[in-house]
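Heads up, there are several structures right after this.
Here subunit A shows up in two complexes: once beside subunit B, once beside subunit C.
Our next item is the complex of A and B:
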């Protein structure tokens, strides 16, 4: 009786081949061979291989396929950033290395702890404090006041806060708490959403509110209250349309971006035209005109993917996110405790909602809200936060794997 | 011009790679899920296993899972097959009794010894006991009760 976990290594090989071939191609884009671009591809590939190797040895029960899927999405981002802006790409690679380090630490912590206990109240204060700090002292970028600059280093506090939000929510829904804890949690969620609304960070508002409702339903199973929550959130969204001018503008642009083409609708229209221009197989890496799309390295990177790699590639990117989500849900279902299950469920929901919000915004399915595409978009805080969320998922996977191995070994089998 | 041609050609390669990664991930996930479901199902219902120390080549060195009730013999119809001439078609039975202990009994005239002593009727077996079914020598491993409701 052998429990095999094979195949992820082969997919990593294709991830590495993708990175090397794309960077190899881009190295010739300027006419002469650019050794810097080739070295970048080699460095990125080595980083991914090394990480996979170290993680597989140190955390024997890690969910390798989830890690490789995350790496493939990361490598799509790196390749496109090399294509768009080498400086941003270099920064992203450094952030990837830092993110991998933090992912390692997260797995080790999640593997070792039960549910963080009273520390969750500290997380609550820290999470709220970060959002409050961004609101009070942050810089407005793209209409949202969500950037903070300390000592020349800029970051988005809401990205760190969202990781804490997942941990706190899992803790409070894992057990039946007394009134004080419930009131504290409700106040915390309400305050976070209000602060994000005031900061004009609409993408984050949607992300926090939707994650809260989904985790609430998963944690309590109370359909009535969840529907009430959906109703309140819907009413809030309608009210914000009339009260907040920023929201109204976004909805108007979404309904008909073509009449606002020369001002607010420019980004959406350019994105749609880029997607259409790519066709089924894309314009070819380095042959499109992504420069015409504003914020092409971050929020609008999905349009660049479709333009240069084609719509088939773009659709499969969405499907890869779906596989990632399904694997996250399976890990949550197999979790050894309720806290772990909700933790993974929350982290997976957060990542999947984030992907949905931005991809749906770019293809004009819903009004556009500024948010990054997990693992792919440029942005240190976002990439690090996403990798830490993967660390949470992997930490629980390690716990599950240890339990499964014990069961199998006790029955005379082995795990390879 | 050369770059343009290379880039246009490589569009298909990139699509092939992502299709392989996607289908590979789906196939591996499904296979892994099914195998895990089966193996853990067996593992969780298992009460222990018999390590084959000496006997037929096809099972030598293997661990044969013991479930709540197991018939051991040479026939293909029994739960644990020991394809050896010294073993009867239905040789012995190993089962979990009502007190949670693992018992062994003989079926017919098959020779069974526990730690070198012949089994007359039935007896309890424990981890590290050496049980022989004819010429087949096995070592018993009983799963420790860790408080789970399995």
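Our next item is the complex of A and C:
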């Protein structure tokens, strides 16, 4: 435990140094010293230190490494956004502050509740309603209709909905539910996937479907049925290739983006060129040419990471996500109830899958589906959703810690 | 129950670890294999962008002649128009319209190869960013001689060192003047920007007989003889020979380029075996090693006996690039080791040499090419390639006269591929002249001129 705390402390120190030095470099790069950029770095570093301090005092048993890992990934995003677009970066910092507040609230709630009980039906309606709302009134951005704008503030309902999806799924697989409940849940999952397909939000379809199957497997342990589900999903994917023109285009671009360079393949080719331009060690912060990549602040930010920080750093980022997964799974295994275990498990899977889907899409391992890179991509809804999911994980970690402490104290020990 | 859940979580954790490790492995593999290729496309806006912010390096030929240099912040081509156009496909243009050295080696010219630290040092110290100079393997003078040998014809000539794979000259006609690209920037022009030598796909015609002969050697069928009566009917279709050769063996058939012999041999060797040998000689293979972007040559296996016979004599759907044709001659001359084509001799950053050419092997199609070599020497001494002979040197070669599918009226493409058998002068050549007629009387003399020029310079 001491060792873990030291590790977290070291990583936090590194995160702060990284943010400060990167912003310092960017402040100098314009020729004259840009005080705004330096102030931004200082502000971001202070916010992270303050959050870490408050969280570790208020929630003594929080998993610090998970928290700091998430901070480091966030700081990579902030630095790159400052470099790409200061306006977006400022918005992201504000969203980070809000997200941290919501994460705090989430930890407090998760710590206190057992499994939300009948409230899950309300969640189901809310979650489905959000997706339906996006489908009916949303604006299409990048081919997918998943943006909603209310009173000048635009957000992605599917991001909020996915947090609820994790909670609801954990509830339904925590124990054997009545027939009615199971039917309701099945209808809910099906309806969500259909709505997302209709909205052309392929990334979200993949994310929801895969998360469902994984939680289903973990919760029920029925390998046969899970594989059947994978088969059905696969068949659905193949069918959609023939039915939905959007899907067919994506697959064709994936197979050879270069021949579609002047139209649909442009984005992926620009991404590949950026990754290649960086080489193993990167062009250096501020020295690449990521301006050429479309959506470089959100979906394609991984290409910017590779261009400016290099492929080795890109690999480190993947490894950090992997460490995050391992931490999440450990917390899930130690959970005090099945609901808690599945909750953490679902949240971890959702974040891991999301990072896998977008990174693999950008490097052309799988067809590209528009989705954000957790913690790093710009986008308020996405960042907040990710932080709330971390809140869920941390909430359960706090519960676990309390139980462990009680066990130790009961046995006559003392917790340092 | 709780334990089952834990077990399931463990299983999925393993799945996730596998997924992410695969992601890392793929990223590493794909960037190390294709990264260079991704970067050097003319589409890459980074290259255009860097032209305004970096003092680009100079480009020299192997003899140290400047081909393109930066002077007072401006990019200057050499003033001699003949030389400038002779190397235009190799040097490329400054607008990203062609795959020349300016695009291909942009990494060095614009300093992308320097690491982040030295670049940040430049940035902080306020130094002007400076790219590296590059030295190409080509000889500008030899290139001029090669272009001259093509005359007013369309076509391409490639000369390479068969021991190292260094391309000594590569010209493509018609060409363009990099100093004045206005026509092409407006979307005009015909095929001047296409580097026929590297990406032009031509029917190989009789030069493909070398591959068929190699397949016969590999399958111990060198004893096969045939009777040439001037033509043969296979599968109801007549395949004509350009002469009546009578009883003829493998060596004679190569030397005299007998169509009937190889058309009959196709069935004896079998398309599967020919295909295997063709693949060993890099047909149907995308070559990723080396410094050049080249087209992929084609040999299509067919079960139709007529088409199989046509494909054995380099017709049907067979296609080859002049560079690949040169590599085949080079591979035979180099005892079955095909070297990867190289264009970049050195990279010089200020005073420091940061890169020097290291020869690499592209393929080893045969263990023993002595028989093929002998046949090619015969071809120049007594056969169709006699126009390529040079006094005092031992030259081997093979002519080709490729018919153009669906085009009965116009003349055929003239081919000659060959080599100098001499340890002091390890050079191979490929010549194609479009619609010039017979390879022996049109391509072979051009090859002789270019080889003589190369020998004269001392290669």
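In the analysis below, the second predicted complex is superposed on the first by the 410 of 416 C-alpha atoms of A that agree within 3 Å, B and C clash if a C-alpha of one lies under 4 Å from a C-alpha of the other, contacts with A are read in each partner's own complex, and residues count from 1 in each chain.
To be clear about the criterion, a contact is a pair of C-beta atoms (placed from the backbone, for glycine too) under 8 Å apart; a residue touches a chain by one contact, two chains touch by 3 or more.
Since we're looking at a predicted model, the values are computed, not measured.
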| item | value |
| --- | --- |
| Which of subunit B and subunit C A:217 touches, first, second, both or neither | second |
| Contacts of A:98 with subunit B and subunit C, given as first, second, both or neither | neither |
| Which superposed partner A:28 touches (first subunit B, second subunit C, both, neither) | both |
| Partner chain(s) touched by A:90 [first = subunit B, second = subunit C, both, neither] | neither |
| First (subunit B), second (subunit C), both or neither touched by A:20 | neither |
| First, second, both or neither for A:287, with subunit B first and subunit C second | both |
| Which superposed partner A:359 touches (first subunit B, second subunit C, both, neither) | second |
| Which superposed partner A:65 touches (first subunit B, second subunit C, both, neither) | first |
| Contacts of A:325 with subunit B and subunit C, given as first, second, both or neither | second |
| Residues of subunit A at both interfaces, subunit B in one complex, subunit C in the other | 25, 28-29, 281-282, 284, 286-287, 310, 319, 326 |
| Footprint of subunit B on subunit A - complex, ascending | 1-8, 10-11, 14-15, 17-18, 21-22, 25, 28-29, 31, 65, 68-69, 72, 281-282, 284-287, 309-310, 312-313, 316-317, 319-320, 323, 326-327, 330, 404, 407-408, 410-413 |
| In the complex with subunit A, residue positions of subunit C that touch it | 1-2, 4-13, 16-17, 19-20, 22-24, 26-28, 30-31, 34-39, 41, 43-46, 49-50, 112-113, 115-117, 119-120, 123-124 |
| Contact set on subunit A toward subunit C in their complex | 25, 28-29, 214, 217-219, 221, 258, 261, 269-270, 272-273, 275-277, 279, 281-284, 286-289, 292, 310-311, 314-315, 318-319, 321-322, 325-326, 329, 332-333, 338, 341-342, 345, 349, 352, 356, 359-360, 363-365 |
| Subunit B - residues contacting subunit A, complex | 2-4, 6-8, 10-15, 17-22, 24-29, 31-33, 35-36, 39-40, 42-44, 46, 48-49, 51, 63-65, 141, 143-144 |
